[in-house]
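Note that the chains are named A, B, C, D, E and F in the order they appear, and that numbering of residues resets to 1 at the start of each chain.
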Amino acid sequence: MSELSEETRRLLELTSTATLTTQLFKRGLRNTFVQGVRRLTPGAPVMVGEAFTLRMIPAREDLDHPGMFTDRSHPQRRAIEECPAGAVLTIDARKDIRGGSLGDILIARLMERGVAGVVTDGALRDTPQIEPLAFPVYAGGAAAPASFGIHHAVDLDQPIGCGDVAVFPGDVLVGDAEGVVVIPRHLADEVARDAAEQEQLESWILREVKAGRGIFGLYPPDEEARARYQSWREGLHER
Amino acid sequence: MSELSEETRRLLELTSTATLTTQLFKRGLRNTFVQGVRRLTPGAPVMVGEAFTLRMIPAREDLDHPGMFTDRSHPQRRAIEECPAGAVLTIDARKDIRGGSLGDILIARLMERGVAGVVTDGALRDTPQIEPLAFPVYAGGAAAPASFGIHHAVDLDQPIGCGDVAVFPGDVLVGDAEGVVVIPRHLADEVARDAAEQEQLESWILREVKAGRGIFGLYPPDEEARARYQSWREGLHER
Amino acid sequence: MSELSEETRRLLELTSTATLTTQLFKRGLRNTFVQGVRRLTPGAPVMVGEAFTLRMIPAREDLDHPGMFTDRSHPQRRAIEECPAGAVLTIDARKDIRGGSLGDILIARLMERGVAGVVTDGALRDTPQIEPLAFPVYAGGAAAPASFGIHHAVDLDQPIGCGDVAVFPGDVLVGDAEGVVVIPRHLADEVARDAAEQEQLESWILREVKAGRGIFGLYPPDEEARARYQSWREGLHER
Amino acid sequence: MSELSEETRRLLELTSTATLTTQLFKRGLRNTFVQGVRRLTPGAPVMVGEAFTLRMIPAREDLDHPGMFTDRSHPQRRAIEECPAGAVLTIDARKDIRGGSLGDILIARLMERGVAGVVTDGALRDTPQIEPLAFPVYAGGAAAPASFGIHHAVDLDQPIGCGDVAVFPGDVLVGDAEGVVVIPRHLADEVARDAAEQEQLESWILREVKAGRGIFGLYPPDEEARARYQSWREGLHER
Amino acid sequence: MSELSEETRRLLELTSTATLTTQLFKRGLRNTFVQGVRRLTPGAPVMVGEAFTLRMIPAREDLDHPGMFTDRSHPQRRAIEECPAGAVLTIDARKDIRGGSLGDILIARLMERGVAGVVTDGALRDTPQIEPLAFPVYAGGAAAPASFGIHHAVDLDQPIGCGDVAVFPGDVLVGDAEGVVVIPRHLADEVARDAAEQEQLESWILREVKAGRGIFGLYPPDEEARARYQSWREGLHER
Amino acid sequence: MSELSEETRRLLELTSTATLTTQLFKRGLRNTFVQGVRRLTPGAPVMVGEAFTLRMIPAREDLDHPGMFTDRSHPQRRAIEECPAGAVLTIDARKDIRGGSLGDILIARLMERGVAGVVTDGALRDTPQIEPLAFPVYAGGAAAPASFGIHHAVDLDQPIGCGDVAVFPGDVLVGDAEGVVVIPRHLADEVARDAAEQEQLESWILREVKAGRGIFGLYPPDEEARARYQSWREGLHER
C-alpha cells in the first residue's frame, strides 16, 4: 500500500477526531472511535499514522514470565523494534486494564525510533514517567503490573479489535486530546479533505455563535448562511 | 413555580454538594447525587440553576442522521434555543458514553444565552475545545462521535433520569468540583438555609481539627463543643 | 510484628509500584496492585506504611444515619483516632463508589495524627478540599453522599479485600502516582532491597535507550550488557 | 395508524426473531433486538403485538411508596387498565433489575384484558407464580422488591428505550424463545412477507444440510441450489 | 438470641420473598433482597433459617492452595462442621463468580448436618451434582475452579455483605424460587405475621382479578373491597 | 501433533470440569475455565476434543453484510467446513453477546461433519432450534441478530482468547454441564490420568459423607482415611 501522502497527513493534523467521525458516519461507518481509552500524555502533539498492530491473548502461567523476554522472537519485543517510523503501534489488549501492556523503557525506545504513537485498549505501566513525554500515548488506564501476568503476545500486523473498533494494518489512526479515530486506509484521502472543509465551516459557525446568532439556519447552515460563509471564506483568502 | 430566590441561590453557591446531600438525607432522600459524571471544565464557577430537561432514546438509523438537524422542531436543537437563561440543561442520555450528547458549538450557544450549565449522563464531544471554558459542564465522558449515531432526542421539559437520579423540571441542580446534586424544587429554600448553617459549623470543626483536637465530642459536636462553636460564631459576627 | 526498618522504608520510597509488582511476581504473587483506585492528591509524597484496616458492609437504614457518629465506639470514628502514626488507613468499601468513605474533616485529623495515607476502594467526599493536600489519598472516585447512606462500618484491623487484593493488618502499602501495591509483611525487606537493585538497572537501561540502543540484548540485558552496566555502576560509586 | 393486518400477524407468528433481525438489517436497521431480556414463561405462545409503552425514572422516596397506588391516575396502574387488547406492554425500566417492574396480580389482569405480552428491561417479581403462565413475559431478571423502591412511573405511550432499542408506540414487537425484536410500524408488512420467504428457504437449506450437503453454494444458495429449492417448493405446493 | 419460634418459621415458609420485601420496605428497609443470586436446585423446599456467616477475601498464592485444607482450623472447613442445624450458611464471596465457593462434597455434608441452606454471592462448583438435590442452594453462578484460587476464608459468624445486602449473624434468611430476602432478627416475628396477612389478602385479590375485576379500587383495595375481602375471609373460616 | 489417545479421551469423558481445573491448578495453571459461557443444549453428551479456532474482530459496515457469505474463503464459512471431525470449534467473539456467532444451519452442518462441539464467548442465534440437539454447544448467551452486524471473522487456527482463557490450536477442551475447561495439549495425558484418580477418591469421600462422617481427616483424607480408601478400592476391583 502506498504511503500516506504529506497533504493527507497535514490535513489530518489540523482536524479534530469529532469531525473525522462525522465524515466517516456520512460514509456509513458508525463505529470508528476507540472506546474506553484516554490520552495519558497531555503535552503530546496530534497523532497521525498508519496502524502497526500487536495482538495479545490471556496469559498462561507456564508461557508468560519475565524470562521469556530474552527470546528475540517474542512478539511484544519485536513490535518495539519493528513498528515502522511514522506508524502507530496499536495493541489489542482485550480491554483488560489490570496490568500494563507496555512501560516507560519500551515507550522511550518507540520514541527514539520515530514511531508516531501508541494506542492500547489495556493499561500502561510506569505512567508517572510516561505522562510528561511529548509523545502520543493512549490507553485504558494506568496499572503497575507487567504485561506477562495478564497478556500473552501472539502476533504482529494482523487485523485486531482495539477499544471495540476493527483495526486493519495500514488503517490511519488520528488522535487528539479527545481520543483516537480509526480511518480505513482507502478512505483516508477523501476523509481528510472533507473533514478540513467541515472544520473551516464549523469554525465560522462558532464565530457566528459567539457573535450572538442562534443556531437555527446557522448550524446546519441554510442557503443564506452558506452564502455568508462563502463570502467570509473568500475574504479570508483575499487577505 | 416561583423563581428561585436570590437568597437561596446565593446560599447554594456557597455550599458544597457534600453538605447538600447530607441535608437531603436528613429529609429522607438518599439518592440525589448524579452518579458517573464529572466536571469537564476545571475553571468553571459553581453551578446553580433549575432543571430544563432533554430526553434521548436509542438512535434508529432511518431517523437519526445529520440531515435531521435542518428541522427546527428537532428536540436537541430546540433545547439549545429554549433552555431558559439561568437554568441547567439536564440530559437523559441513558449513561451511554459512546458518543457525544453535545459539542462545542452548541455549548457556546448555551453560554451566549446565559444558561447556567449542562449536565448529561452521556458523553460530550469537542471536549478539548470545551475544557478551557468558564462554564459548568458535567458529563460521563468524552467521545468524538456525534449524538445522532447513538441518540434520538424525543422530548423537552419532562421528568427524566440522569445518572440514576430522578430529575423533575424545575428541580434545583447544584454543581461543584465534586459533582452535581439534585434538590427537589420544594425543598430548595430550607435545604439551602440549613446547608449554610452546616457549612459554618463544619468549617469551625475543621479549624479545631487543624489545631490538633480529636474528633470525639467534636465531630459531631457534644454540648460543650457546641457552646464553644456558638461563642466563636458570635465573636465572628461581632467583628 | 517488628516495625518496618528505616532502611526498608527508605528503599521503598525510592521505588516505583511497577518495579515492586515485578518483584512480587517473581515470588509467585500476581495479585498485589489495588485495582480501580487512583491518587486524588497530585501533590502528595510517596506513601509507605503498614496497613491498618477498616471494613464496611452495606448500610442498613435503621442502623446507619448521622446520629450514630455520637457513639465513640463506632468503627469508622475509632479508625480515625486509632490508626497508628506512620500506618496507612486501608478501607474495604466493596468497590462501591456511590458515596464517600470519608470526607475532608476526617482526612485532616488523620494528617494531624501523622498517618501515612488513606486507601479506599470506595469513593471519597469533599474531594475539592482534599485535592490540594500534601497527603497520599487513593480512592475509586469522588462522590458527595456521606458514608452512612452506603456503608456500615463493622471492624478494625482484620484482613480485608481492597480493590481485589488481600490486605492483612501490617502488610506494607506503597503508593506512587500510578497507584498502590500491597507487600506481604514478611517479604517487605527483601522486596525493597531487590526492587532498589532493579530500579538502578532499569534507570541505566533507560539511559541506554535514550542514547539510541535497541532493546534486544539490553532489556533484559545479556551478559555483555550486564557487564557494561556493572562498570557504569562502579563508575557511579567511585564518583 | 391502521391496525396490524391479520395476514401480517399470522406471518410474524411463523417467523423467528433471528430471521426478522436479518430482514431489518437488510433495510439498514442494525439495532432491533431487545438486549438483556429473556422469556420468563417457557410455555408461552409466540408474541406479536403493537407497543404500548410505560416509562419509569428512578424512584424518589417522598413520591414513591405503596400508598401512591390508591391514586387512579398513577401511570403504572393506568398502564395495566389502558394497554389495548392485542398490544404489548413495553416498559422502559432503565435496565435496573434490582426490583420488579410488575408482579403476578398485574400480570394476571393484563392476561384477563387480552394484552399480547409484556416486555421490560427491568426485572419482574412474583416470578414463581408467573413462570407457569401461557403468557409471553420478557424481563431482565427476577427480583422480589416492589417497583416503588426503584422506579417512578412517569408517562404512557411515549417513545422509550427498552433494552438499548428505540421503541415507538405502535411499533410491532415479536417475541419467541430467543427474545424480542422491535419492527418499526411502517415496515411490519414487508418485513413479515420477506421473513416468511426467508424462513421457507432456510428450512429447505437445513433439510439439505441434514441430508449431508456442505454449505458452500447452499448457504447462501447459488443459482443451481436456488433452482433446486424452487422445484422443491413447487413440489410442496402441488401436494 | 432466642431461637426462631415455630410459628414464625411456619409463617415464613408460607410467604413469598416478594411479600417479605414489601413488609420490610414498610419498616424503612429498602435493601433486603440478595442481588445477583439464583436458586441452583429447582426441587428444593422453601428455605428459612438464621444466618451463620463465612467471610472470604481475595486469595493470596502463598496462603491459598489445596494443602491448606489439612488444617482443621481453616475457616471454610470449620464453617461446614460448625454451621448449626437449621441455620443458613451465608457466604461473602465479594460477588466474584470466577470460581466456586463450595462443591458437592461440602454441600452433602451440610445436608447431612441438617443445615437449612446455602447462600453465596460467589459461584458454586460441581453444580451438575448439586442441581438435583432437595436442598436450597443459592449462588451467583456455576464455575468449576476451586475456592482456593480465588478466595481466602478469614472468619466465621461476623457481619458480612452478601449480594449487596448487610447480613448479621442471626438474621433470618428466607429463600424461594425468586431469591433470598434478609430479615433483621428483631423484626422476624412481626414481619412474618404481617406478611402472612398480606399474602391472604393478595390471594383474594388475585382471585378477583381472575374473575374479571379491574385493579382500581381492588389493588390496593378501597373500603368496599376490603369489606368484601373480610366477608370472604370469614366465610373461609366458617367452612 | 499426535492425536489425542483413546485412553485419554475416555478418561476425560468420565471426569468433571471441576476436577480438571484442580489438576491444572496443581500444575500452576489457575486460569483454565472459560468464563461467562453456559451449555445451551441440556441433552448433550460430555464434550472432549482438540481446539480448532476462529477469531472475530468488530464488524465494519462496508465489509460485513449478508453478501459476503457468497465468498467461499470467508473464515466463518471455512471454519464450518474445515473444523476437523472430533475437534471443538472454539470462537473468540470478544465476549460480545449482542449478536449470534453462529445459527442453527451452521450448527447442523458441524454436527453432520462429526465435530465434537462448539464454544463461543459470544452469543448464538436460533437457540430455540439448537436447544434440543444432542450436541455440546457453549455460549455466552442467546441473541437473534446475525454475526455480520457485530463480528468480522479474520482467521482460523490461531491462538485466541475465549472467555478470558488462552486457547492454542490443539489444546484439549472438555465440557460438561458446568462449563468448559481448556487443557494445554502437552498436559492432556497426565491430567486425564490424575483427574480420574481424583474422581475415584472423591466419589469414595462423598459416599463416606453421605454415610454421616465429618470432613476433618476425610476431605482431604489423612493417613487413616487413605488406608480405608485403599481397601475399599481394592475391594471394588476384586468384585
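Annotations
By our rule, contacts are C-beta pairs under 8 Å (C-beta built on N, C-alpha and C of every residue); 3 or more make two chains touch, one makes a residue touch a chain.
Note that the structure is a prediction, hence the values are computed from the model and not measured.
Within the contact network of the assembly, the step distance from chain B to chain E comes to 2. Looking at chain D and chain E, the chains in contact with each of them are F. Put simply, the chain farthest from chain D by mean CA position is C.
Of all residue numbers used where chain C meets chain E, over half belong to both copies. The two sides are thus made of the same residues. Per-chain CA centroids place chain A at a distance of 40 Å from chain D. Once the centre of each chain is set as its mean CA position, chain C and chain D turn out to be 50 Å apart. One finds 32 Å separating the Cα centroids of chain A and chain B. Multi-chain contact residues, meaning those touching two or more other chains, occur in chain F at positions 30. Contacts between chains, counted with the stated touch criterion, involve the pairs A-B, A-C, A-F, B-C, B-D, C-E, D-E, D-F, E-F. On the side of chain F, the complex with chain A involves touching residues 27-31, 57-63, 94, 152, 154-155, 158-161, 164-167, 184.
Here chain C touches chain A in the complex through residues 16-18, 20-22, 25-26, 30, 32-33, 35, 38, 176-179, 181, 202, 205-206, 209-210, 212, 214-216, 219-220, 222, going by the rule given at the top. Every residue of chain B that touches chain A in the complex is listed here, in rising order: 65-66, 69-70, 72, 77, 80-81, 98-100, 103-106, 108-109, 112, 125-129, 131, 142-146, 148-149.
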